[in-house]
Structures are given as structure tokens and as C-alpha cells.
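In what follows, chain A forms one complex with chain B and a second complex with chain C.
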Partner chain A sequence: MAADLSVRSSLPLQILLYLNQWYYIFWLIVESLSFVFKGQTLPFASGVLAGEIILFIFLFLLDMFRIHFATKGNLTERIIGIIVSIVLTLPCIGGSLYLLLWQHYVLRIELIINAIQLVFIALEVILEIIAIIVFARSNA
Partner chain B sequence: MFCLKTYILLIFKILLVQYSFAQKEKNCSCDFTKNACDLLCCCDQDCSQADLNAFNCLSDESEITENTILNSCIPKNLLFSSNIPYVIKLSASLFCVEYQEINLPSRSNQYYLDQTKLADKINQISFNNNFKSDFLDITKDYFDITDFIWTINSENNLAYLTSPKQNDRVPLHFMINKNSEYLINANDSWDTIIMNEISSLQNLKVISNPKALENCTIDPFNTCENLVNMNINCYLDDTIQNNCEDLIKNNINKLIIKSYEILIEYFNPEGIKNATVNFKLTDKSILSNGFFRQSFHLDFKKNSTSGSILSGNPGYIMGKPVIAAFNSSTNGSIFEIPSDSEKRFTIFSPLIKCSSDFGSRIQIKFGQNLASDCILEVENLEDLEKTCTNLKLKIEEIFLGNGFRPNYVASFGNMIEYNENDEWIKIENVPVVETNLQPCKNVPYGLSIEIAYAKVGNAIKPENKIVQVAYRWLTNELNLKCFEKKCTDKIKISTWVTFVDQSLNSKIEQAQIYKAKRVLDENFFAPFFNNSFKISYLNLKLYLIVLIVYKFLF
Partner chain C sequence: MGLKSVQNGLVPTRFMCMLAHMVMLISLLIRRNEYVGSCDTVLYQNVNLLNNQFIIGLSISIGILAIELVTFITGITLFNTFQSLISTFLHSSAAISLSIMVFFKWCSVDFWYIFGFCSCIPFIFEIIFLIGIWLFKRTIN
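Up next, the complex of A and B:
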């Protein structure tokens, strides 16, 4: 029986993850400059700014892990990597929503960059689910 | 990855470079006295380092006030939403947040810490060589605003001063003025308790600084030289009494305390130099319903302070006296300003019988509307015209006082220090009495002093400026009750002081506030590398070290 050598990795997902990686560097710069601006010009209750910065750094690291697992899972055609990525998506959505809606001051630029980030996450989740279905079928 | 590394390096650079968005204001708005240090004013150039230490001034702080409201603004279109507990003010183009910085955390801690122990008002302490106290920190070199005002009595009992109201006793703090008013029921036992306290203050001594008890070897400690006597003065209807203790003992159910004033003179870092308590007593019988207002004042004054007191710097502060002057010259260059601020701009007191005595007049304070009236008895003269002429002159004396009569008012509160002739506002309609024609017509019975002011300057921190002052006289024809050429009558005369805010709505322009935009034209790297930033050898070395570390790491 001949081995099935066809590539099942999702190209749209891979393109999206690649773009998301670069977008995330841009997001990091803009978001951190926003925090510098807000910290210098607006009052914060004690500990709130520090808490928001910690959340922002934690969210960046978490999202990088999410993208890393999704990339590896997609390229190696392993479901487990993509599942880990989907699990990590939930706190990432929560963090992005916090920065979009519930943080002390939401700047207009933050609204735009976090909304784009959420669109990226949503598209990636859809493509990841499709990828899982494709990989599961081929393994069956 | 390269971009990430560059970004980390940039952040590191930002942390290294010290910059400031906000420009420090050149004006020190809490500096009210010329050539003297103002209490709790950290930006006052006249304060010594010892004063600043005692005020607990922080390095980046220009002034400490109990209720300073601060404002932060950003352009409204930059912000999408906010979830903050602060007061938000929106203008046409700005989003501003009003907030209050609490600069004295240690003081508030101390206050709440000792609340539980307030019941032990007086703590017996055995004084010996191993003297220690949970409250009085004798290891400190000087008292500061976090400390209580400590006293010791003849029986070596240590206590700190508190406000007098029985059910609202709070400790008094060193160098923090306090003004309170309490509604007292004279028939209640509370006031009697305060009356008893007067005698307990008689033999009290104030501990001048934390080390004052250190070298005391005499027992009782009350006789120690380093302590300051508490001087007690009693005034009965504004007349000082010789023996305060006896007066109170003999009249404990007949007198009430209208006012209780503690005056403390200090000199940092030596501490308290002088302490005086003034009780103003009055007869209980004058009260109609048994209730009265009792005022309590604690005032700190720097020992040997001499300097003219300003009413604001530069704009007037609410409650500070309005500065007035007299100018007799036509060219308007010589202004006579009384050194005593209480004699500058006044109205008559609300008394049953009108008095032109200057001592009983009420000071006009910025922003405080006043009204006063009194009854004037017409003197019995046979000649009606002469009666009216004398009456007009007397009324004028009552309205304007028989001493200093100002005809100019300072537009800003600091005019004593920075005397600019252009900034004096002439009072309109000061001359009043025309005695020549028909003296019984147009007799003034009312004077309305209208003071118009406006908020000027920065929209975030406006300054109050007086723009117009006018006297409006109310006159009437005098019809005396005469009987066989003898006239007897009583006239009620009234005066009002009204402050009118004539501020126009502020027009906020973005360019006025965002100075960074102007800096950016000259310097692309502002605010990280602004004009005030100079590359020093130290900074260059730091950059080199960072670059070397960076090369090793990545």
C-alpha cells in the first residue's frame, strides 16, 4: 500500500499566522506607547496601571505561544498542537476584550488595533477547526 | 526578531532618559508671605530645608494642600471610552479627569492607628532613664506633620491635644492648621466638660521637640527647661480677664465658650517655641434657644515671622481678604496700603446700635457675600437742616469707617508684593455725602458693595481677578418725627457685599495645551530627547554598556 504523501496543512491558516506574528509586533509597540502616553497624561488609581501592563505583557506572551503552537500543529499536521492553540485562544480573547472594553482608559488607537487582533483570532480559530477536521479525516 | 530586539533597546533607552512632559509652574500659588516661609508650602523659596523636612515635602512636589484638586486632560478624539472612578469633565475638544492626590499617607495611617486609643487620652508614663512611649517617638530629631502636639502636666501625664468637641475628638497635628465650627447646646453637659478642661490646661506644658525630654533629670518633668508653657488667656465679651481659672470656677453655669483658639509658634527644626490658648467667653443668658456656634481654631505661625500676607499668588483665593488701597494723587502712582490686613476693606458690624468704631468692623473676604445692618439713633437737634447734615456725615462714617477709607482695590491677591499701578481697580462712587443742598433729601440708608471678578489664565487652573468694584448707594428723603422742634427717631441702615462672577466660558485651544507638538517641530525625538536633555559622558557610557550587554545577549 502506497503512503499518502499529499500535504494537508492549511495554507490560508499558515498565511494568517505569519501575518498575525508581524501584526503582533506592531500591536506590542502601539499598545506599549499607548500605556506610556496614558501613564504620563492621565491619573490612575494605585496599582491599576501596573496591573494593566502586566496583563498586556502576559497577553503578548500567551498569544505568541498560541501562534507558535498553531504554526507547529499546522505544519506537522498534528491535532494536539492546534488544540493547544485553540485552548490558549480563550484567555487571549478575554485579554483582548479587556483592553478593548474594560481597561481604565481605552484610546481610539487601542480600539482599532485590538479589534483587528480579535478578527485575526476569530479567523484563525475557524481555520484551525477546519484543519483539525482535515487532519482527523486523514488519520482515520 | 530584529524588530523585537530594536524595540527592547528602544524601551531600555526610554527608561534611561529622564524626561518630563509637564513643565513646572514658575508661580508658587501657596506662597502668601513675602520673605517668610508659608506653612506646608513646599515651593516657597523662603522655607529652609528643616521646614521642608517637617512639611514632609516630596522631591517632585511643588505644594501640599489638604484638598488639592488636580486636572489631567487629553484631546477628546484620542479617547474611545473610560472606566474610571474619577470625575470627568468634557469640554468642546478635551477630556479632563479631576482627581485628588493623597500626599500624606503616613499621617492618615497614624490618625487611624490611634483612633482606637483615643479613650486613653492621658497615659500615665513613668519617667525614668529607660523612658519609652508607644506614641511619642523620642528617637526622631524633629516633629513633622505626622506628629501629634504633645503636652505634659504637673503629674507627669503625657497627652496629645485634640479638638474640643466631645463626640468628635480628633488628634491635632503639628503644623496643620484647623478651623472648625460646632453647634453646641448650652443646656447640655458637653459644654461644661470643655469648661472644666480650661482649668486642666492651666499647668500644661508643650513638648517642643521629640528630644525635649531626653536630658530632663528633674522629677516631675513638668519643671524641665526644654518644655514650653501653655499660656491661657480668657476674654469675656472681648475684654481680657486677669484670672481665668477663678472666672470659670465661679461662673461655670453662667458662661459659654464662643471661641477656642490655639496659637502655636514654631521654628524648624527646633520645634514649638510658644503656645497660647485664647478662650472667648460670653454670658449664657444672651442665647435665645440654648444653641450657639462654637468656633475652634488651631493656627501655626513661624517664630519671628514678619512679612506682608498676600491674598493669593497671583489670583485671589476664596476667603482671603480683599486688598484695598487709598490713592490721593491724580496721576495714580502713590498707593497707601495699611500693613494690617484687617483694616483694608471693611463694612460695619451688625450691632443693635450703629458704631463707626474701626475695631468692630468686618473684613471683606474674597468670594464671601456679606450683609449687615444696625439702628442709628438720630441726635436731638433743634435745627433740622443741621441735624440732617450731621446725620449724613455720621452715616458716611458708619458705612466707610472713621479710619482708612480705600478708593482702589487690587485686582490680584499678590499686589502688595508686585505693585503694578495698572492693576489697581478704582472703586466707583466712593464720595457719597453732599451736604450743601437740601440736606434732608438723599440721605443714604443703604450701601451695596458690588465686586465683579473673573477667572483668568489657564483653563485648568484659573486665577481669580477682580475686574470692577462699585458702591451703589440707596438714598431716601428723611422724615423725622419732630415735636416742638425736638426730633427723635431711629434709622435702620444696611450694607451688602456681593461678589459677581463674570467669567466668560473658557475657549480651550489644543495648541495651548499640547506643548509637545511645538517641541516636535524643532526636535523630532521629543519628548525622549528634548531641549533640556543633554548628552553627558555618563549617559554615553551607559549607552555603551547597554550596547555591549545587548551584543553579548543577542
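Up next, the complex of A and C:
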């Protein structure tokens, strides 16, 4: 038992998740302001703007859940939390790509902040896979 | 207790300021023609040269900022209070002055002041702390 006291949680993953939470608050503010701007100045077909706003709010909640599961899984050294977070990553990537490419109007600022968010997600997925490998080895 | 909470607040503040600076730099790089075009045509006759200089300045700035972000995220200067304060102050002023540059369509030559004061100074301090930690084995704090 004495040899089993070492910490296997990944510190870089934890730092990245902590900073990503703060980044999402920044992202939420910028994205909602850009929706206000688009709603005030650009013509929309009925329902398009409402659909995009609902999508972006759900994307924010989904991202928060993803980060929460990854944090808990990393800190308690459980594989299942990290797997749930990787599964939740797929719709998050889809939503970010929608806001980045296939939206009705894509502003320049949205292009940049969503690209930064995708970089974050990619780094986190890599570190999460490494964390899964480390936890699985130590359990075996 | 109070000092601890201040230190905990410094980390996200510094990160947000660096990211705001990064976002402004990338958005300038995408639409750099507007700022090259708004220069005085009598003083700066070679527009091509100006464009190249602006690209070089922006790329060096982004590279420096990326190095600083990496040393920040890997935790080398994460809890260094002095570096956090300097970095927060200079990067936030860089983001504000770059947004003024966007609003008032400054000439691209004026970017070099922002580059010198708000990109180079925090990078030099970062390098000094890196050397201190790696070569002279100072503690991280």
C-alpha cells in the first residue's frame, strides 16, 4: 500500500481545464455581444437568430459539463469521468465548428475566439487520452 | 487569507489579458490592409514595404505571446506575483490600445510602439525569470 500513494492526476490537464473555464466566461460575453450586434444590424430570416442563440447557450452549458466531468475524473483518478468528457467533446466540437464555419453570419471576432476554443479542446483531448492511459496502467 | 485570494485572482486575470491581446493581434493580422492603407502616402511611399513590416511585427508579437503563454500554462511563472502583475498591466494596455488602433484606423507604423512597450517588456521579464529558475535554481515564487 505504501507504494501506491503517488499522485497520478495530470497537472497540465488540470491547469488547462481551470483556464478553459475562465476562457468560456470570456467567450460567453463576446459571443452574446456579437449576437446583439448581429440582431441589431443584419437582416435575418425568422427563427434563424433564435435558433443560433439557443444553440450557443446549450453549447456553453455542454462545455461546462464537459469541463466538470474532466475535472472530477482527473482529480479522483477515475477513467469513467474522463470518458464521459471525451464523449461530450464531440458535440462541443460540432457546435464550435458551426459557430466558426456554417453560421448565418460569421464575424471576424467569432472566427478567432472559436478557433482558440478548438485549440483548447484539441489540447485537452490529447491530455485526457494520456491521463486515461496512465490511470489504466496504474489500475492493472 | 487575503493575499492567497489575490494570488488566486491574478492567474485568471493574467490569462484573460494575454488572450485578449492575442485576439486583437490575430484580428489585426487578418485585416492588415486597412491599417497599411491609412498611412500618410507622402511620408511612406513604399506600401509593399510597410505591409511586409506590419506582417513581421504582428508575427513576432504573436510568437512572443505564444512563448509567454506556454511558460505560463506549464507553470514556470504561474505563481510569480511580480511577473503576473507586470504581464497583466502591459497586456491589458496592449489590448486596449490595439482596439483604439482598430477604431481610429491608426497607421501601421504606430504599431511598433505597442510592440515595444507591451510585447517586448513582459517577454524580457519572462526570459529573465526563466534564466533565473533554470540556470541559477531560484525558487519559482
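The rule is simple: the second predicted complex is superposed on the first by the 137 of 140 C-alpha atoms of A that agree within 3 Å, B and C clash if a C-alpha of one lies under 4 Å from a C-alpha of the other, contacts with A are read in each partner's own complex, and residues count from 1 in each chain.
What we mean here is this: a residue touches a chain if its C-beta (ideal position, glycine included) is under 8 Å from a C-beta of that chain, and two chains touch if they have at least 3 such contacts.
Since this is a predicted model, take the numbers as computed values, not measurements.
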item: Simultaneous placement of chain C and chain B on chain A, clash or fit; value: fit
item: Partner chain in contact with A:Arg108 - chain B first, chain C second, else both or neither; value: both
item: Residue contacts with chain A in the superposition, chain B compared against chain C; value: B
item: Partner chain in contact with A:Leu16 - chain B first, chain C second, else both or neither; value: second
item: First, second, both or neither for A:Ile116, with chain B first and chain C second; value: second
item: Partner chain(s) touched by A:Gln40 [first = chain B, second = chain C, both, neither]; value: first
item: Contacts of A:Ser6 with chain B and chain C, given as first, second, both or neither; value: neither
item: Overlay on shared chain A, then closest C-alpha pair between chain B and chain C (Å); value: 6
item: On chain A, positions contacted by chain B and by chain C; value: 108-109, 111
item: Parts of chain C lying in touch with chain A, wherever the complex brings them together; value: 11-12, 15-16, 19-20, 22-23, 26-27, 30-31, 73-75, 78
item: Residues on chain B engaged by chain A in the complex (per definition of touch); value: 3-4, 7, 11, 14, 21, 70, 72-74, 77-86, 97, 99
item: Residues of chain A touching chain C in the complex; value: 11-12, 15-16, 18-19, 22-23, 26, 108-109, 111-113, 116
item: Chain B-touching residues of chain A, taken from the complex the two chains share; value: 25, 28-29, 32, 36, 40-43, 45, 101-111
